[in-house]
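Here's the structure, in structure tokens; my notes come after.
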Amino acid sequence: MALTKEQIAQRIARELQSGYYVNLGIGIPTLVANYIPKGMDVVLQSENGLLGMGPFPTEEKVDADLINAGKQTITILPGTAFFDSAYSFGMIRSQRIDLTVLGAMEVSENGDIANWKIPGKLIKGMGGAMDLVASARNIIVTMMQTNPKGESKLLSNCSLPLTGKKCIQRVLTDLGFYIIHDGAFHLVEIAPGVTIDEIKAKTLGKLVVSADLKTIEV
Amino acid sequence: MNKVVTNADEAVKDIPDNAVLMLGGFGLCGIPENSIAALIRKGVKGLTCISNNAGVDDFGIGLMLKTRQVKKMISSYVGENAEFERQLLSGELEVELIPQGTLATRCMMAGYGIPAFFTPAGVGTEIADGKETREFDGKEYLMEYAFKSDFAIVKAWKGDTAGNLIYRGTARNFNPMMAMAGEITIVEVEELVAEGELDPNEIHTPGIFVNRIFKGEKYEKRIEQRTISKQ
Amino acid sequence: MNKVVTNADEAVKDIPDNAVLMLGGFGLCGIPENSIAALIRKGVKGLTCISNNAGVDDFGIGLMLKTRQVKKMISSYVGENAEFERQLLSGELEVELIPQGTLATRCMMAGYGIPAFFTPAGVGTEIADGKETREFDGKEYLMEYAFKSDFAIVKAWKGDTAGNLIYRGTARNFNPMMAMAGEITIVEVEELVAEGELDPNEIHTPGIFVNRIFKGEKYEKRIEQRTISKQ
Amino acid sequence: MALTKEQIAQRIARELQSGYYVNLGIGIPTLVANYIPKGMDVVLQSENGLLGMGPFPTEEKVDADLINAGKQTITILPGTAFFDSAYSFGMIRSQRIDLTVLGAMEVSENGDIANWKIPGKLIKGMGGAMDLVASARNIIVTMMQTNPKGESKLLSNCSLPLTGKKCIQRVLTDLGFYIIHDGAFHLVEIAPGVTIDEIKAKTLGKLVVSADLKTIEV
């Protein structure tokens, strides 16, 4: 069985460590916040200018001056700090973020990523994605393994315009967890009930199945 | 040092057609609402707007798109705006997309008097086309330039008559760098106080960068994605 | 997020001989007094110190010069120190002088992840020797690099247990940039409070840059040039 | 009669305009603060991190956290703002300072300035001087016209190591006020009682006496 979005978020949450500063992108990555283990000290950064993001507000606590990078209303936690956008990307570029989680349209076997532009479709912009992928040293890309047409999103070369080049080392899809090195997707964990044949059929880039392949606990 | 002007119309009155403007805000958060309204009343045309986003159809810069006052947007993300899409597809509007960190830093560097700097954002992508690249410590970087702008229009929370500014929450965003980067910097605030009322330790933007300041008549502070907790 | 260590000795205990340190302060204002005392107790040797000044004979970095712990100073101004002069003239001490703005900006760029930038300071002087120059808009600039340092040691006024910092008056000076630039950043504060006690709008340095924080045992806050008004 | 230091400061103060942000160097430039006309709105910047510097404190008001770039204790005025050193030199480089006044050891006829280093003497460092001279667009250099040995400090070429190249347009000495352009010192004002012969004798660089030479009012 392919992982659900919630199961993907849960698996990523297991990568968290106490003391981590984390940047979660829009979409599935945002869900990771729901699975931070109780008592674990993790601080969420939002690149529009805060550290210490809390949950969405109740109706009474909505404040137009408090939003996240997805423009959603949010709350803050004790210890929050606000700063400007240049400072925010300063801390991103100087690699103070311990874990960055973001979505993608395509990832290639050499770590290229495409997630901002589809030729022929309306372009909305890259936002902070190019800064994040070029700067962060610990990124997990999360996405479905195939697009709605059933085509693999793990490719030899990205077909879409790149967001970043040779910058992705880890990809978690609904089917498996891959480490990218030496020009190949190394499958290190597989979703329960998914077969290696299915993985092979849905991976266009070079695939290496790890000798000690584990099953993702759900 | 008195930088106070009576209102938004007074503040923007000498902005000419085809000016290059910086406009603060992230989404609809921390945008100079009153100045945008004044620009629309004034009807100035052919503007180039450096702003992280382009507003929504009926708020923010979106209002200036509707009135066809904008020739070019320089932004990192321009979704959520149907009129914008229409003008872009019909060729009425030019758009230059820039990574968000690069956009913020190019504003900052203008304020810091640093003409160019190096960033890894966009290396190996179409953003790098025609740009100088350079390796430092084994990593590749693009050379990017400080922005130039004729007017920066920013929104702060509190300001004093000398132009010292304090921002609030995530409404800070691009405002402090843009405040430093305008050839002329225009500021609107929610609260305007006398010199000496703000704690000098708490000031985010010193008045030296501010040419004009006024208290905005009203703030709607539209929320783009009102998201409420389930419990 | 708890970054608190018990005291200065604990904070500096793993600083090895020959480390590159950044030390905050301008003159004797805003210097990490307690950490300097701990470095002297520890007796670590061969240090390279990036600091705007080198203290006076019996205070600040001057104390570490007396104990011969400093191999090299990287500063903008090193007057007011007889022992410093003696070591410099005898060749015991190396000194690299850097324009003050360039020094500050090289610290800042380290924190901003920008490996190199352009500044006009020093063009046409001996500071430019061996440096790349480049013209932008008809003006010549030098290319300067971000600093690297093993430890940054800074002094703030108030801090919380998560390392969020607020500075006071002109004791801010080099501290905020150095706090961003250390491979490990050590902070001493006059007041240490719980998370949530500091207003998030007023924080100058967010805790993400801080590795260790402690409340300094005592602050002498020596004044270098006590200057009193005649009336 | 050559101008006194106070008269030099007074003459410079006449260059001030309401609304000016001003950076005054150590020495004679500092004295200019004493002659700001009453009611004129001038804000003093100190490059160690403040705008809005006030007079020296009384004994009770001394605060170790409040010093100027000369490390002297100072007070602040209503409207003061503090900032860090990088930000401070940011505003200097981006030319927000309307007038910068600093001392010098030598100035050359093409606008070079030397004021930080004497070979063979102990070097203390340039502090912020190189940033200031390279950045400010409106600088007045003030110094005695000759050194203690009676040698001119207005030269064809500086003999001392430079602080900045081709960056000085105006020099006020105890003998005269000079505008530097086209490779010459243009004497535009002369101290009362000083003769052109004395000026000539004490100027080694190319000298042009302005057609409408004025006498400095003291």
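Chains: A, B, C and D, in written order; residue numbering restarts at 1 for each.
In this text, a contact is a pair of C-beta atoms (placed from the backbone, for glycine too) under 8 Å apart; a residue touches a chain by one contact, two chains touch by 3 or more.
Only a predicted model underlies this, so the values are computations on that prediction, with no experimental measurement involved.
**Q** Of the pairs given as A-C, A-B or C-D, which one copies B-D, with over half of its contacts the same by residue number?
**A** Interface equivalent to B-D, from the options A-C, A-B or C-D: A-C.
**Q** For chain A and chain B, what's the span in angstrom between their mean Cα positions?
**A** Here chain A and chain B have centroids separated by 28 Å.
**Q** What whole-Å value do you get for the distance between chain A and chain D if each is reduced to the mean of its CA atoms?
**A** About 56 Å, centre to centre.
**Q** Report, in whole Å, the distance between the mean C-alpha point of chain B and the mean C-alpha point of chain C.
**A** The answer is 33 Å.
**Q** Chain B: which residues touch two or more other chains?
**A** 105, 112-114, 119-120, 167-169, 200-201
**Q** Two or more other chains touching the same residue: where does that happen in chain D?
**A** 50, 76, 82-83, 86, 89-90, 92-93, 135
**Q** Return all touching chain pairs.
**A** Applying the touch criterion to every chain pair yields A-B, A-C, B-C, B-D, C-D.
**Q** Quick check: in the complex, which residue numbers of chain B touch chain A?
**A** 26-30, 52, 75-79, 85, 88-89, 95, 97, 99-105, 107-108, 119-127, 157, 167-177, 204, 221-229, 231
**Q** What residues of chain D sit close enough to touch chain B in their complex?
**A** 19, 21, 41, 43, 45, 50-52, 76-83, 86-87, 89-97, 135
**Q** Under the stated contact criterion, what part of chain A meets chain B in this complex?
**A** Residue list for chain A touching chain B: 46-50, 55-59, 62-68, 70-76, 82-86, 88-90, 92-93, 112, 122-131, 134-135, 161-166.
**Q** Considering only the defined contacts, which chain C positions touch chain B in the complex?
**A** 105, 109, 112-120, 134, 136-137, 139, 141, 145, 166-169, 200-202
**Q** What part of chain B is in contact with chain D in the complex they form?
**A** Residues 1-2, 110-114, 160, 162, 164, 180, 194-196, 200-201, 203, 206-209 of chain B touch chain D in their complex.
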